[in-house]
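The two complexes that follow have chain A in common; it is paired with chain B in the first and with chain C in the second.
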Partner chain A sequence: MPNIIAVVCASYGLAQSVCDGEDLPARAERFFRSDHTNNWAVLVCTSRFWFNYRHVANTLSVYRSVKRLGIPDSHIVLMLADDMACNHRNPKPATVFSHKNMELNVYGDDVEVDYRGYEVTVENFLRVLTGRLPPSTPRSKRLLSDDHSNILIYLTGHGGNGFLKFQDSEEISNVELADAFEQMWQKRRYNELLFIIDTCQGASMYERFYSPNLMALASSQVGEDSLSHQPDLAIGVHLMDRYTFYLLEFLEDIHPASQANMNDLFKVCPKSQCVSTPGHRTDLFQRDPGSVLITDFFGSVRKVEITMETINLTVPGIPLERFGGEPHTETALAYVDQLPVAQIIHQKPKQKDWHPPDGFILGLWTLILLVFFRTYGIKHLKHIF
Partner chain B sequence: LSIRPVLSDPEKQRGRSAAVAIAALVIAAGIPLWWKTTETYRAWLPAARIGELEALQLELRVEVEVVFARGTLSPEQQKKVPASRITYESCCKSKSLCLVEADHALHTLTETSCGSVVIYIIPEASALLPQDMRVYVGRSRTALLRSQVASVVGAGLPEVLAALDPQMEQVLQTMSFNHQDVTAALTDRLRPGLSTRDSLADSMRAFKSSPGYEITFSLLNPDPKHHQLHWDVEAALDAYIYPLLHKMAPVANFSVDSQILYYAVLGVNPRYDASASAYTLSADSLAHVINPVEARLGSNAASSNPVLNFLLYVPDSLHSPLIIRNDQKQEVASNAFHSPRWGGIMVYNVDGAYGNDTQFPVDIAIDMSRVMGVFLSQLRLMLGFQQTGAPPGFVLEAAGREGVAEWELDRLLWSRSVENVATASASITSLAQLLDQIANIVINDNIAQQVASAVTALQAAVAELEAGNLALALEHSREAISASERAFFDPSLLHLLYFPDDQKFAIYIPLFLPMCVPILLSLLKIFREVQQHRAEKRAKRD
Partner chain C sequence: VSTLSLCFRINRRSGGLFLQTKMAAPLTLLVIVAVTIRAVLFRSSLAELISERVEVVSPLNSWKRVVEGLALLDLGVSPYSGDVFHETPLTIYLYHFVIDYAEIVCMVTDGITAVALYLAVQVYNKNVFRKQKYALEADRYPHDCLELMQTPKELFYVPLKVAMFYLLSPFTILSCVAKSTCGINNAIVALFVLCTIKGSALLSAIFLALATYQSIYPITLFAPALIYLLQRLYIPVNLRRQSFWLFTLQYAFMFVGSLVVIVGLSFFLLGSWDYIPSVYGFILSVPDLTPNIGLFWYFFAEMFEHFRLFFICVFQINVFFYTIPLSIKLKDHPVFLMFMQIAIISIFKSYPTVGDIALYMAFLPVWSHLYRFLRNIFMVSCVLLACSALFPVLWHLWIYAGSANSNFYYAITLLFNVGQVLLVSDYFYAYLRREHHLSHGLYLKKKDGSEATLVLK
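Here is the complex of A and B:
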């Protein structure tokens, strides 16, 4: 199968090169097949508590695949609502398994979680998507995509008809999500966006999308529940959800030069394996899904051009002029005093402002006085006043 | 048997007046108070001016000065030319050297402002240009055009100018902007498919307009045991890169840093080619080189500016020399490649610097001029200076040491100004639309102020573009885009609470209904009693 596709591409490229007079036929064709120059991924797990272990494992297995296919950590925003690897109830600390019998540890040793624990909220998620973060947010917590970025967004957790639950206390509705994507489109923060959701009734979350260049996949239709795959008896919880389990299996076969396309992805986890019916939506997407490679979203295959022109700077006889004026002498560098101990030790105690006694103290003293006078009689009052 | 309390008339009257007073208080004071305390603060936005921005018409004007040299016009044509200029000095033997000197001399004659173009028409028989070349474009904003109309005798000035028009237009399209450049700069607001393949490649390769860029030069040394590399990057940056960045200061801020990475390997295994006795990297494997390296490069955590990475890779002694082959299996002269919107990588072979039996590690000084030559050309591509496709008959003087010619910079400034204006107006209009649609968002004063200043700066930029003042237009457009981005991405503009109408009812009904029902019922009762009273009165009268 891959061979036929490669031949087709090359011949199309050759035809183009005859027209354009370019000398890089297949390469030019690959260059223009897709419009993106970089890839981003936003992977969100929205559930907390130990029994939602499978949602963290889902997200981490997608994270692992995406990293393996080339997207660097600086281009991945990973949001995990709870820490399963270092949870007190984890019998194997620092691991998160996705297969029973502990076959595959998806936690690994170079996981970079950008939003963790209670930082995973609807507000932070929408802020990451729309870019409206406070100026003090570090680079690793931002989605710095541009108009030629392909973004993969993966959500997992507990959901319902039209909403997704975050942290067991708040929800994001499909209208808000669609509006957030429209905001992203207005500022051209993505070139193409692939949205995957693995929750119950997941198809309801992409019903309201209306921005162009969006493709969406869900693990179940409205009215259906997404089921979990298999429990591990040693760990005691279900390890993965079915859809993501078979998605991970599918992605393990993909390598950075693979030519598998989106139609293969739509076939992942049919009803016989998943019990629920996975759905997808491509009407807002401009390209034909059969021509979209998996690595367009899950991997990061860079476009590369050979540098043909160079500038000849080695002109003999002309002295190098220094731009900044005369050369500065090398001064010995020293570290800035990291911990000003002297300042700390000799610090004067801060003057605390005086506050009048607050209600509790006043009430307590009133009570004591009342009890005293009631017990011993009111005649003692003259000793006070 | 039902017992009703019997109220005397004054009591009934008091009851009635109490009910009416309470109802009046609720309606007159309560409802306005509730309305005022539950409305969101929305500062005023200049909606009318924003509406004007949606139908933005851009007019770009280039100031062109045309100078006729002696011998190009007949005397009577000369009389009709509005102003007379002094011609250049003719000079000596070698043509190309002469051309540069002449260009330099001409440049000192006229004071060209940013965005303007000066075209010198030289006679056909002039020896300054080689025979088959019609136009020479120098390093500053001057062009020499060989006139072909001197032979036409008896033609009036308008005919001469009309004959020169298409050639001058071609010169202007090369030196300032053409339709494709402007369309490429406006891709934000245009439908896709309008730009050609070349301009699409250019727009994908160059970074979008941003207030600042970070440039990182990295030296990758995978084999410190054998190679002890010395690169004088500070001096090289001072000599070659900073002049270009200084010239680009009106466009953006640049922050440059450098680093050396040890034990950093490329992600692909090069193949040994016995015919060339070297290790080769084919063009296909280049795409997979960047990702493993990128994880180790790091970036400045404090800013969100786009990063350009330039990597210099010195192969380890086991895999030296390493050459890059293109699709046709030919060696690439520069031994370098670049990735759009990311940066460039150059492979620098040092195996020629030492023999087999030297004492390792070997001290090697890297030839920075060769390296910077490659990086400078890659940097130019990344920043938006397109690969110059000179029309036939044109000679474009290469920028060389200076990095960029002034007309190339002008070209970039034109497209940047247009891009900034387009992006800023798109942001402002979409922000206004968003704020209109969602009544729940609070619009603070600072956002309104940013929007107002963005609109003012936009209108100023458009006016300056129409007037032809490119430098001022760029400044205003930068102001506009920074104000509009700050307004659009303000953290307070988060429409978080999606309230469908039924939820609003569900919140207010338990609060207000128990209070309003007795008031309404008592008002109804009073109303009915009054009506009854009136009916009785009428009956009594009749």
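Here is the complex of A and C:
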């Protein structure tokens, strides 16, 4: 149905252009380009513990690319289930490296994590996607997308056939995810959505999608494991997963004006490099992947309309009326005496030390003397008197 | 026979002549060395560090709390309001005058304890030696037991060793540098031991009442003191004899009377009874679960409220429980019973600190003749040394580094207490074994003539 409308509109546009005599292919081309006006990214790392360093590094690499290509922090929801940079076992604190020999620190000093540690749960993730958050949730934790938003969703962690594990204690299933996306579609929360998942058997997670305008990429097929790339002997853990490593390499070559399209993205990390077979799904997507720019999802490219007219922004101001201008006499005002020193000096009580009561002292020493004389005999009395 | 006669000659020559002045110089030197060490530590930056350590100070004897309580008193508030101050009123009276000279007072109390222990052990050794002499003359020991006899030479140095063990023990030094009031408690117990061994029933009862008044547990020392005094007055410890009950009632009356007088006097200091729940209620009901080297804190941190009272009772009874059986077994050896009782108090009390341990460890040289019968001494000393070293390490790992948890610290606490219990039971075994050998001969033979081994059942 939407296709028919699009065709009708396209033909109308064409008819218009024919009537106006403009450049037909260019206008048609422009029509079929994406009509998103803002970009969002939801980047989730679902696993905790030091040995899952690579998942945090994965997410931070994508975060870095996305930020570099123009999406601001206010439009990125970054969820990291554990803190690797400040982990006790990190030999280089405040860093998360994604290259062997510590070439690339993806942590930097401008990382804004929105959901951290135990806040990364299935419930919070689904609430972020669907927008059903309590009213007290701050803006940085919300996905405030509208029907012209292109959203990039990146998930990484440990997964299986049909599920993704969160925090080692719960899981999200592909059905739930598909339903969440359908909710988003029905609430007009996205224009187009790119879903990337880097887990074992990742392709199972996009099997159940049924909402339009979804494109999905996964690092491995059902039955395959996604493997990690390189361990670093100084840090002691694997730093990245293969798929995201090559994805990062690919993205490092992308700049905001790049014309690379999704077909290039599908070619990232072939089986020879990844050992697993990356998969993708484009049947729900309206446009041809070849015409979808990488920056449509990874960057925040705004359309700029150049106009030659000048617009006057200043409006002649309305003078304020004077209200009942009777001058009244003003009494001289003075401060109240804040610190009446004279009063204080004489009233401060002297600090009294506690003394034991006299009866007590009397009783105690009488007893001591009694015991002394009882023990050593009364004859010592003669030494005193 | 020749060795026997040799023993007779040695005993007769120096029998009972422990010249007190001969040991005054080494004792003074020891005291000077101990005072120097403490003074050096007081001036160093370690003093602050040590007074914070949970192994050395507990809520009952922390000096910071004393200062806090006296400050409250100066402000006109009862020091027992809130959970800050848990000292008894008589000690308030003492601290009121010495609060500015805390370091000197701590050193003086350590000195008093050491001198009291020195004198007590001296008198005790005299008695032991005299009894041994009489037994040898009456030919009561089997002939192969002569190597078990205590020679005057070793007995001569034992009091100095006791004073040295107390003054130079790292536990005592730590406790003194932390200005813990455990030193005063130890001094009172040591004076009690001195008065008991010297035979003065009134003073012994008074000091015992003071010790009980300070912390409840020394009441278990009533039994060994009673037995010792009965022995000294040649009253047989027989429940059917009237003389036994007469003396027991006298002693109990003196003890209870002095305790009542002291408690009443404490009432008059502050004019209220709220020191009783604050001091005794605190000791008995263990509300504060700050970790220490004892066994209570971990257990009660996890306790459901429903069972708390039951387990409090169980744990507290554990301290008092061993008195009667031990006093029945060690009826003839009251001083050893006193040592064991002090050790049991130090291990099982609700807020133990290393200062309590130092007190009973000071007695160990008195039983140095039991060395040949000790079975586990190497392992026990290794365990105690290792655990003492591991306490601060695991505390740091738990609290500051965050890589350990309370189980680590509790494990070391447990091991430390197990080591102490092993130490005490080892000495118990050795003592009983020596007594057995003294009555049955050193080389024991079974009925068929083969070599027998002794087992402590």
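Here, the second predicted complex is superposed on the first by the 274 of 385 C-alpha atoms of A that agree within 3 Å, B and C clash if a C-alpha of one lies under 4 Å from a C-alpha of the other, contacts with A are read in each partner's own complex, and residues count from 1 in each chain.
The working rule: contacts are C-beta pairs under 8 Å (C-beta built on N, C-alpha and C of every residue); 3 or more make two chains touch, one makes a residue touch a chain.
These numbers come from a predicted model, not from an experiment.
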| item | value |
| --- | --- |
| Which of chain B and chain C A:374 touches, first, second, both or neither | second |
| Partner chain(s) touched by A:160 [first = chain B, second = chain C, both, neither] | neither |
| First, second, both or neither for A:88, with chain B first and chain C second | second |
| First, second, both or neither for A:352, with chain B first and chain C second | second |
| Which superposed partner A:363 touches (first chain B, second chain C, both, neither) | second |
| Touching partner for A:188 - first (chain B), second (chain C), both, neither | first |
| Chain B-facing residues of chain A, complex | 20, 23-24, 26-27, 31-32, 35, 37-38, 70-74, 122-123, 126-127, 130-134, 138-140, 142, 144, 146-148, 173, 175-176, 179, 183, 186-188, 256-257, 300-315, 318, 320-324 |
| Interfacial residue positions of chain A with respect to chain C in the complex | 88, 351-357, 359-361, 363-364, 367, 371, 374-375 |
| List of chain C residues in touch with chain A within their complex | 70, 73-74, 76, 90, 92-93, 96, 200, 202-203, 206, 261, 265, 268-269, 271, 401-403 |
| Contact footprint of chain A on chain B as seen in their complex | 187-188, 197, 200-201, 204-205, 208, 235, 238-240, 242-243, 246, 283, 286-291, 294-295, 299-304, 306, 324, 326-328, 332-334, 336-342, 344, 346, 367, 369-370, 372-374, 376-378, 387, 398-401, 403, 426-427, 430, 434, 488-491, 493-496, 498 |
